[in-house]
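One chain, subunit A, links the two complexes that follow: it is found with subunit B in the first and with subunit C in the second.
Showing the complex of A and B:
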């Protein structure tokens, strides 16, 4: 039984050169979709069908892509939701957030609300067991959480998911793009925003309240010494036991009872 | 042309002026005393007081211990005067009683400085009075992640941002805490909470975004806060916040870099552009967008939590086991790291495997090819932030210590008791690394795996 997997893809920007490319998280979502056994992967994009970067997704192995043609900065949520409602895929995948516009990360939530299906954020792997999907969710510090949900569902894929495969030039050339004209409302709220180049701020080193410059210098340069415990002249076995007891007490490693 | 010029006699004018001045002086200065030479001594201070109509500045009471000088004049102590004027006593260190030939007591500036520093530290450490907002004009709701029942620095930044919004207009900060059954280990009042809503039920622990979103929506309905702030983290605050925003029909601002009551800045276009806009109701705040509250204490009065009901559609099966060797260094949870003090590399790999830790190394070790380059920790390698870092035979070069500056717990094993890593460590063992590694491996195998 083939399962319909729709992947919503967007046009990204290279962080250094600023050139159009496949968006990093969306490419990982395509990779995840292609790794699902027996999946019938459909790519959907809302925007300009003439964008060359879209062919990078076709080069990953999907044969066709549907492009909902609309103005560049229009709101894609309604056309996407309408298209997905008529298509009824079992799984909808997309990157957690885009990298070329508002990057709000709200589209998956709005789509899931429109389709009335559960949303699972930040998954790094997905496998099917009958009508259920078993997923691993990527957490900080390299941890993974195991989740299960029944189909249909919407899931987002973060940049910590497995790296996407390279795009093959021949496949990219041969892939077909189906264009569908839709009416999308212009984003009026955004007209009131002012846009400027991002201002990078230095990383915060230490938060402190100091009365004088001397206090500030001291707080930054002084090493917090003397609070730790120092064990000296212990035989290796006892020292190792002290270290292991410390790791267990702090919850770093679990000892068997 | 009628020209009427009065001819002035400058000499006569000067005389008259001088006579007037003498008269005034005599009238104003009755206290002027006659000196032995017969001249009248002027008291400029009394004169000034009479002119300005203000009593002369009170001269600080002289302590009786101040010795009179040979001339009989009383010596002033400018420091005591300054202290009495400012009402703040200058901390004076206990003077070492060193008799100097001249009989003067000698001060030790080093001791003075230490005493001053101690006094400053004591002032800072003294518990700040609890600040209360009795009748807030509006409320700001902050929902920290509280991973592991602790406030992360990102959580504290979010509460700090809420604090800024509340303080700008006489509002109060309500912190909504999903504490789990065991409660919060950090003080919410110290983080800047005026009020607190606690959801301690076990069903909110772990992965429960639908329940949490329902609870936040119930709190919004009950309190009607002006803004709701979440940390913009991947699967906790950012997830719940977006669910809440979609349910409210609000266009949430995510990746917010600056927060002010009338204007916020959020980042977009892949991190290359900043958008400035009027703040929507739901704000997903980036880390370090605002400074956390420090050295202050707020009330954190508990409010009754509303009852909520939500049926989760996604089943949480708990954390999955992961292979520490495949985890990228920047994400690793527990790192065992080797430096120049390690010679037995097989023992090092075995001890890391036995403890279930990711391997790391210092720059010399990676330069020598004992570990791959992507395992290097430090300024020119990876800046790591595991929960625990075990440094085997690493002395602690400044660049290496920079790489572990965010680590909470450091265990150091080193032959040199005076190296910087031992000073940095929370637990340090001074001894031979080669002898300790097999012992640690043995005990880890015994107690973790039972063999």
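Showing the complex of A and C:
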């Protein structure tokens, strides 16, 4: 049975040139959606349907995109929630945060609240098992946590998710954009702001008390202390077994009976 | 001898039918503008001059081919006269004997060339060919002896008569009746290919015709997906392949055992045109690391894919160095075919491997390959205070910096070039922020849309200013601006920096240099040498500064690629070896202490070779050292 996956996409901004582009995290959400077997992927954007950067998403292989036409500065939460309530997709995906505007990362939470479905933040993979979705959540330093939830759900995709596929010019050109007019409340708070480039905050210099280069590398790469155990000088078979057991214990791989 | 007459007659008719049958498959391709009359008029020069120049690089093969092809062609015409039309003339018979003897000797050369077996030569039907040639020559030699008055004529049903008939049947089957289908099809398709060549301008041109043609981005399908998407004369070109393997020998990807063999690529393309096409009959070297027999295709099936005719890794292993095109005696355009296939993969499927999608996305978003800000292109020259053309308005030389301006290694080259130009008091300027990437990399990766966008915007920038000529230290930029930008309205005189420096040395604009007696070998960049024919200027500079110049085994127009072209460093297809390592081994063999380069890609690729190796310097760096030492 094909399930409906809605991906909310926004217009991003390149950090160097400031040029409009597909937003990195949203593009990864589209990539993740396209990788779900049997998914019927629908792209939804709230804003200006004439924005050329939207075609970058169509170039990834989805044929159509629905654009809820509203002023790009207006608040997209209500129109998106209304549209999704009528559409009732089993899965809603989007990037963890936009590249421009408020960048608060709150839209997924507000949409999930409006739809009254659970939200799973920061997933890097998703597969379906019947009425449930099995997901891997990305945590800092390459750690992963396996999660499962019943459908429907809203999930956000961070920039640590697998890289999005290339946007193909021909597909982007041929894709169609369906426009739906909506009324959106003007974002009055935002209208009063002035936007400027972010300044890097000064960073506290960490003084390393390390005797050797190896210690310094360890200090940078080591996980927070207290977890795990150090296994040294094991024969390869036992070492592999230890890693395998760990992965089974964490539920990342399933042991065959 | 009535039976012989019948045999020849039937074989000629069957041959004509087979030729039409074979030609039918070319017309599965797209229409192409072909000036048939011009091609036919020029044919003698195309064959005896242009093609001969290529064949003659291998003198043994050239002599062999002259005897076999010349002997056979003359003998066939005389055979028709003497044996089919029964013209009773001693002179013709004697002439026929001479040409058949020539052909027989040639056939012996063909057999000797294949013994012992050589990897680059295909077996299969080609193994049988020397014997078929010999059968033809022997049969008609015997049959002509009576006509020349040397022996008494013999009856058709006598022992010699039957021997002659059997040999003639074998010879005529291969050489006349089934000529358009077997190993001899190269003669028929090759002649047609020379007449209808897709790059007709290449024939007799003073410098290589290497620029890619712009793609119409409004076409319903972009690039080539199936064999039927190729132009018909491209399909004809694939059919002309004689499987001599010269391309295989020179291909840098094949040498480094990446999964590419230009010969197999062309054979696969030729075989994909037939319904149910496969590579089972292919009897040459395969793609390294992949065995023969897994290719499946058809005229309207996708060519590229896992399990299709050609694996994507094969397509993306090519460095677009044009070594195969340079060597091909049938003048097949391998690189054009590769770019056509890549265009479909990039524009219609978005299937470009490795880091290439990232680089292309940065090109679209920032107009630079590295994703750097345009404003930072002059950061390396903060102390040089380079004049901007936007403030000067006009200058003599517009210096195009290219992507090398963002790379530490190549900033050294650019610094040397700027200082040399200041020594020579050249009135130059740079575009600064207004300079965008030329889009050369995008184009080689098949992303024609990004290339055309960049080309149009760069062309508009160049049109704003007045300058006499453009100089660049990057042969890829040089090729793009010189050969591919004119299609977008930017017609300017473009020089590679070695051409400018050579000119400055010749006219005395540069100060005296001190002889640098280091043993140095020069590595020709493909886009300067093979793409543009410029192999003299860099060598002239090296000779003028007095280095002890030694040549690698492969140099000049037949130089070997460093592995940095065609986007290969970003698609990064794995092979057993790395192309720059293979090239560096050739440089080590010369015993040179320095490898002189003239391209930012070559500099980076060759400097990336680990282990003891010669130093890598750009020609401009070496010249500056010589100037400053004086």
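Following the convention adopted for this analysis, the second predicted complex is superposed on the first by the 198 of 257 C-alpha atoms of A that agree within 3 Å, B and C clash if a C-alpha of one lies under 4 Å from a C-alpha of the other, contacts with A are read in each partner's own complex, and residues count from 1 in each chain.
As a convention for this text, contacts are C-beta pairs under 8 Å (C-beta built on N, C-alpha and C of every residue); 3 or more make two chains touch, one makes a residue touch a chain.
The structure presented is a predicted model; accordingly, all values stated were derived computationally and were not measured.
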Looking at A:21, would you say it contacts subunit B, subunit C, both, or neither? Reply first, second, both or neither. second
Let me test your reading of the model: by the given contact rule, A:61 touches which partner, first (subunit B), second (subunit C), both or neither? second
After superposition on the shared chain, which partner residues are touched by A:49: those of subunit B (first), subunit C (second), both, or neither? neither
Of the two partners subunit B and subunit C, which one touches more residues belonging to subunit A? B
Please report the subunit A residues shared by its interface with subunit B and its interface with subunit C. none
Of subunit C, residues touching subunit A in the complex: 217, 221-222, 346-352, 356-358, 360-361, 364-367, 371-374, 447-449
Interface with subunit C, subunit A side, in the complex: residues 14, 16-17, 19, 21, 59-61, 163, 165-171
For a test of understanding, state which residues of subunit B touch subunit A in their complex under the given definition. 120, 124, 207, 209, 233-235, 238-239, 242-243, 245-246, 251-255, 257, 267-278, 288, 291-292, 294-295, 313-320, 322, 324, 327-328, 331-334, 355-356, 358, 386-388, 390, 409-411, 413, 417, 420, 422-432, 435-436, 438-440, 442-444, 447-450
In the complex, subunit A residues that touch subunit B: 12-13, 15, 18, 96-97, 99-106, 109-110, 113, 118-122, 136-150, 153, 158, 160, 189, 192-199, 201, 203-204, 207-209, 211, 215, 223-234, 236-237, 239-244, 246-248, 250, 252-256
